[in-house]
Amino acid sequence: MSLLTLDNVTIRFGGLTAVDTVNLEVKQGEILALIGPNGAGKSTVFNLITSIYQPTEGKISLDGKALTGIPTHKIADMGITRTFQTIRLFPELSVLDNVKIGAHCRGKAGLFHAFTRLPSMKREEAEMEENAIKALEFLDLAAKREDMAKNLSYGEQRRLEIARALVSKPKILLLDEPAAGMNPQEKVVLMEMIRRIRDTGITIFLVEHDMKLVMGISERIAVLDYGKLIAKGTPLEVRSNKAVIEAYLGSGEFKSRIRR
Amino acid sequence: GCGASKPAETAPSGGESKEPIKIGFLGAKTGDVAIYGLNTLKGLNMAIEELNKEGVLGRKVQLVEEDNAGQKDQAINITNKLISQDKVVAIVGDPTTGITRVAGQIANSKNTVIMSAGSTGTNVVEIGPYVFRDTLLDTIAAPATMKYVIQDKGWKNVALITSKNNDYSVSLSKIFSDAIKSNGGNIVIEEFIQDKDTDFSGQITKIKAANPDVIVFSGYYTEGALIMKKAREVGIKAVMVGGDGLQGDDLMKIGGAAVEGSISYAGFSPEQPTPNTEKFINAFKAKYNNELPDLFAAQGYDALMIIAKAIKDSGSADPVKFKDTLAQTKNYDGVSGSITFQESREPIKSPVYLLEVKDGKFALLKKVPVEVK
Amino acid sequence: MLKLENISVSYGSIKALHNISLEVKSGEIVALIGANGAGKSTTLRTISGLEKPANKDSKITFKDVQIQGALPHKIVEMGLSHVPEGRRVFPDMSVYENLLMGAHIRKGKPDQGDFDRVYHHFPRLKERIKQLAGTLSGGEQQMLAMGRALMARPDLLLLDEPSMGLAPMLVEEIFHIIEDINVAGTTILLVEQNAHLALEISNRAYVLETGEIVLEGLARDLAENEDIRKAYLGE
Amino acid sequence: MKKLLDNWLIQFLLFLCVLGLTAFITDAIGNVLPPYLLMIGLFIGINLIMALGLNLITGVTGQLSLGHAAFMSIGAYASAIATVNYHVPFLGGVLIGGLVACLFGIVIGFPTLRLTGDYLAIATLGFAEIVRVQFTNMKITNGAIGFLGIQGSTTFPIVMTIAVITLVLMVWLENSRNGRAMLAIREDEIASSAVGINTTLYKIQAFAIGAFCAGVGGALFAHTTTFIQPTDFGFMKSVDILSIVVLGGLGSIPGTIIGAIVLTAAPEILRPLANYRMMVYGVLLVIIMIFRPYGLLGGVNLRQAVRRAFMLTKKKQAGREE
Amino acid sequence: MPILNNLMQQLVNGLALGGIYALIALGYTMVYGIIGMINFAYGEIFMFGAYAGLVLALTNYVNVYTALLGATLITMILGVVIERVAYKPIRRSSRLSALISAIGVSIFLSSFMVRVKGPNTRGFPTLFENRIFEIGNFQITIYQIVIIGVAGLMMLGLHLFVTYTKMGRAMRACAQDKDAASLMGVNIDRVISVTFAIGSGLAGTAGVLAGIYFNAVQPYMGLLAGLKAFAAAVLGGIGSIPGAMIGGIVIGLTEILGITVNLSEYKDAFAFAILILVLLFKPSGIMGRKANKKV
């Protein structure tokens, strides 16, 4: 059952075709990883899905509904949220506010409510706060809820981004290099978290360069090179794909050339 | 009650008190319109110096000067401060109509005399019995000027230029335009500028094409000079005619040869002075580095002197009392001409001086006496 | 070559470093590893003059000259290059201009040899010579940042997480390049999350935890250390 | 559920009490304070109302506006025309002033809010200049000559009451879903839209509310001076209001209050300096920015402090109830 | 065809006026582009330049070149001092703080000039004789030619300097990332000083030329000039040097066009309306690069 479908999606920047006729389906409830060399077009795929870029050609749809031309902010309403490769938090706001803002599209209160503070609005606020704290607890950030986001360390900021994306209860969560800047220990924890998120019914679409993580949790992997899909399959299949090894994986066994 | 908290009443009226009589100055010392305020102030300081040689009712006169930077909210604050904190008996200023209207409301409600030494617009003295001005009214001078220009000079085709963001200019242009029509002239082109503009090439190009006999400009001298420079540059031969806004040595300093022949009216002229005026001019030059007094300085000087005279004549420094004496002033021989307050307290100044720029100076063209009804 | 004694640094009320001391000898590769927020980047930023030590008795010696408190450009002129965290390429300049900026401290125009050296390590940069750096992919930007630093022909190179966000093959490549650069005579202080590879190529290493150095020693020894294996190698 | 309703009622009553108290106290102050100080107080109030509006636009939502005086002038003229030409009562005129300005905020907002940063700043500046030129050339405003005969109905208690209402509503807004969305836009627009915030909508909301405040301030100003001219609302007026917001601390409501007090009073306090007054004023701006680069109260997390203070009063109130 | 003649003449008028705006906008856009701050005191530096030129010109010993040079030098120093005193301490805080600081400086400078030189408008002594050329049926003056010529030359010089010299590159690097630039060995303080010196020097030159051309120097002349320069710079695309030139000329032409179609009273509105209109279709100005931030 396909949740998100990319149908012949292409985008060109000037002369450069960053994503080239990509066909891809993300299935309900799975963890799908998108890997590929730097500059292959992975982040661009995410930007296309979230309408930050519009495809030059092709179509993207969620649950059969076309996403093309829909403004970015409505994409979140429809159930797709994401994290960014370069962290984009609300740096001068508290951790809790960051997450509350993440739940924006699940709220209803408008100006009228803001100015009257009717009970219904307070109820929504309380509920939102509760959900936000739950999300923070889930990502082990509850203790930092009053800190300013910019004062968190890199790894914490990455987790906060996930919490913010999660709190809107998306159908599908796009993670762009969530493990970047984390040490192996932290990556293990992150892996566990991603699994648990999926277990709550959220589909995961993941871009990541850490093969331990990718191979460890993904059910399927798609490989992008120069904007083209060069392979699709289970981790096992992909790992042994010649083209993938050549373009991306390398030997996997680093040996110092000069010492030991 | 009315005037219950008036300071002047707490001090017994008459000569016994040694407290100085305080006069407030309201005007801009900084900001766009600072020039008018600062020149008024020069005249005021002259007056104070002179008054303090003998004193008024045996008391010194003291000037409290405040800068409103040309802003209404500051003007309100200052007026309140001058009245309630400094306890002045009269305020001289502001040279502009707009602020005078605002300050006039307050001064009038607090029973303090206010005399503007420059405002020419409508709805000023109508505010109430404490509001005065000693300016030559455009409604009298402008028609007289147009009559001279159109009938005596025969310049029938007029280019009328208005500074659209200057209330003085907009009001004056209306008067000019009516007077032009009633004297049989016709406006061949009407153009607009803004105060502080420096480039008039666009307007002048159009005026040249309209080929007028005369350029009537209702704004201030800076823009006037620049307009004429441009006009001469493109070969327009017509001279400029305008109101007392053109009065100011800077007209010639900036305009040079281009403003030769320009005609304007004024309630004050250093030319062919009366003895009184001559004395003032000499003292002014001595005090201010050989500078010639301008209209604002002369009117500022006169404003304070008229007020002082009213205080002396009524024997009281209480504005409630001396305002009536002030309103009675008739044919006061001021340095800026003779001043009479009508029943409405609107001033009539006589004569109207028609001046022409000659060899870089304002030369008297004609004195037009004004009938006091 | 480089010596840090008693360095403490705070950001407002947050203390990022407490009395750090470490040393890098000429010709070495020294690794600095530690968890997120341990203060690794802060250490590098302090060395290159971007942050000022908070305490008076702190001392940073580079080539026998005390440099604590000096302005970054002075330190750079002495032969130190710093590839900062997050690449920090000049986004509105072309790749070529970025490289030229790298050679800023050198008198006159950099010669073709410098460019060739960079292109040799990073052929991808040669392909993108005219592209604006801001539109490069993450990995391409990392290559540019390192290439840019090499243009200054530094004696000491500070690298802040050079493998972050790179494809596995590239990670290996980058580490080989680091070795090559070192072999060619540049001393290197390397901050890495990828402790595995970092320890593999370094002579010595320091472990930083919440602003303090908790362990130091030969890289080989640390790689064998049980605690380290658990905490930083994810085993 | 019932408890919540009670709570709301209590809060509402408390709000009314505060308003009543403000009116009462300010009225009492008005009777003892000399007119000079009173008028300064009044202008502080007017500036505060306008600055709170700009703070929402620039401080909270992060959209630099250099045209606040335009909304002020729209409010001033609209209310003047309403009260003088159509005999609308004073407070009605103030409301009309706010609403018309708000309308313009929205109309202008739609096309210009696509712009960001300094491009928006210059567009708002340009808009303000266009408005001013328009007022200079309109019949109904009497052009440069100015609009005469406005009743001097503005009083200290009225200004202060409106200021308190504005203040409370602003605090509420900032702590609501809408307020957070605006803050998010200031912090990062792309991330905001990625979490589902319609950035255009909230920017326009901020502009509309900010313009409304400016319009109300303008209306109060017009009914204080009784006479208005287009030159009263020039670029420097916009700068004055912006200075209040930045000097107080961008996005900080208490900062805006302090800013309004300091910058409105400063020209008066500096009067003894006579001819050096404006020079010192300029230097003062520089010095404050150097020593408090984030504004007088910038960087101090007063939002939480205020929240806490609110909780305290609530608790106290609850305590009294028991 | 008198109408056509008229139109040609107005075109020349518009170009000359635009030349002045461009002249002021060049230095503005440069400082703006490098430091990334709206330097509101720029207009006042321009005013200072005009006064410096005036004072020098009145000494009689001075010809037009020395007056220009002297004024340029004085404003260069002024610019550097302002930067050191009022902007450098807050370089790392928000851009709006710097904006307010700049406003403080500009209030100070204009009220200082009122104190020292009085509030009245001053004419400029004739430093060189104006001459009028008749080309066909329209006229162009030496002053106009000089203005347009100098603006064009300055634009070219500045553009070449910023694009191709080491210093220029260092300036652009500072504009994009100061920390990274300092890690390249760029002396940030020096680069910023040089930027201010050049930018302010240009303002000074523009001040003298505008003084000669308009023959009017006044303590508050900087405000409007600064605003127009700001508008021109943004219209052309912030930081783009050719953009400032184009922006200035477009605004000059628009104003004159407003006058030509009998809407003189709306000419300022026209200028800003065109600005807003252009921005709506090209949100980063005529020559501005689209802020192509990769996400």
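Per-chain numbering from 1; labels A, B, C, D and E assigned in written order.
One rule holds for everything that comes next: contacts are C-beta pairs under 8 Å (C-beta built on N, C-alpha and C of every residue); 3 or more make two chains touch, one makes a residue touch a chain.
Quick caveat: nothing in here was measured; it's all calculated off a predicted structure.
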Separation of subunit B from subunit D in touching-chain steps, minimised, is 1
When C-E and A-D are ranked by contacting C-beta pairs, first comes A-D
Dist(centroid_CA(subunit C), centroid_CA(subunit D)) in Å evaluates to 49
Here the gap between subunit B and subunit E, centre to centre from mean Cα coordinates and rounded to Å, is 37
Taking each chain's mean CA coordinate, subunit B and subunit C are separated, in whole Å, by 74
Per the C-alpha centroid definition, the whole-Å distance linking subunit A and subunit C comes out as 29
Subunit D residues touching 2+ other chains are 136-137, 190, 275, 277-278
Multi-partner residues in subunit A (2 or more other chains touched) are 43, 52, 84-85, 88
By the touch definition above, subunit B meets two or more other chains at residues 29-30, 164
Residue positions on subunit D within touch of subunit E in the complex are 58, 64, 111-112, 114-116, 118-119, 121-123, 125-127, 129-130, 133-134, 136-137, 190, 235-236, 239, 242-243, 246-247, 250, 275-279, 281-286, 289-290, 293-295
In the complex, subunit E touches subunit D at residues 38, 85-86, 89-90, 92-94, 96-101, 103-109, 111-112, 114-115, 223, 227, 230-231, 234, 238, 265-266, 268-269, 272-273, 275-276, 279-280, 283-285, 291, 295
Per the touch rule above, subunit D residues touching subunit A in the complex are 1, 4-5, 7-8, 11, 169, 172-173, 176-181, 183-184, 187-188, 190-199, 205, 209, 304
So, in the complex, the side of subunit B touching subunit D is made of residues 29-30, 65-67, 69, 71-74, 76-77, 80-81, 83-85, 98, 101-102, 105, 110, 121, 123, 164-167, 169-171
Listed in rising order, the residues of subunit C that touch subunit E in the complex are 48-50, 71-73, 76-77, 81-82, 84, 88-93, 97, 100-102, 104-105, 132, 134-136, 148, 152
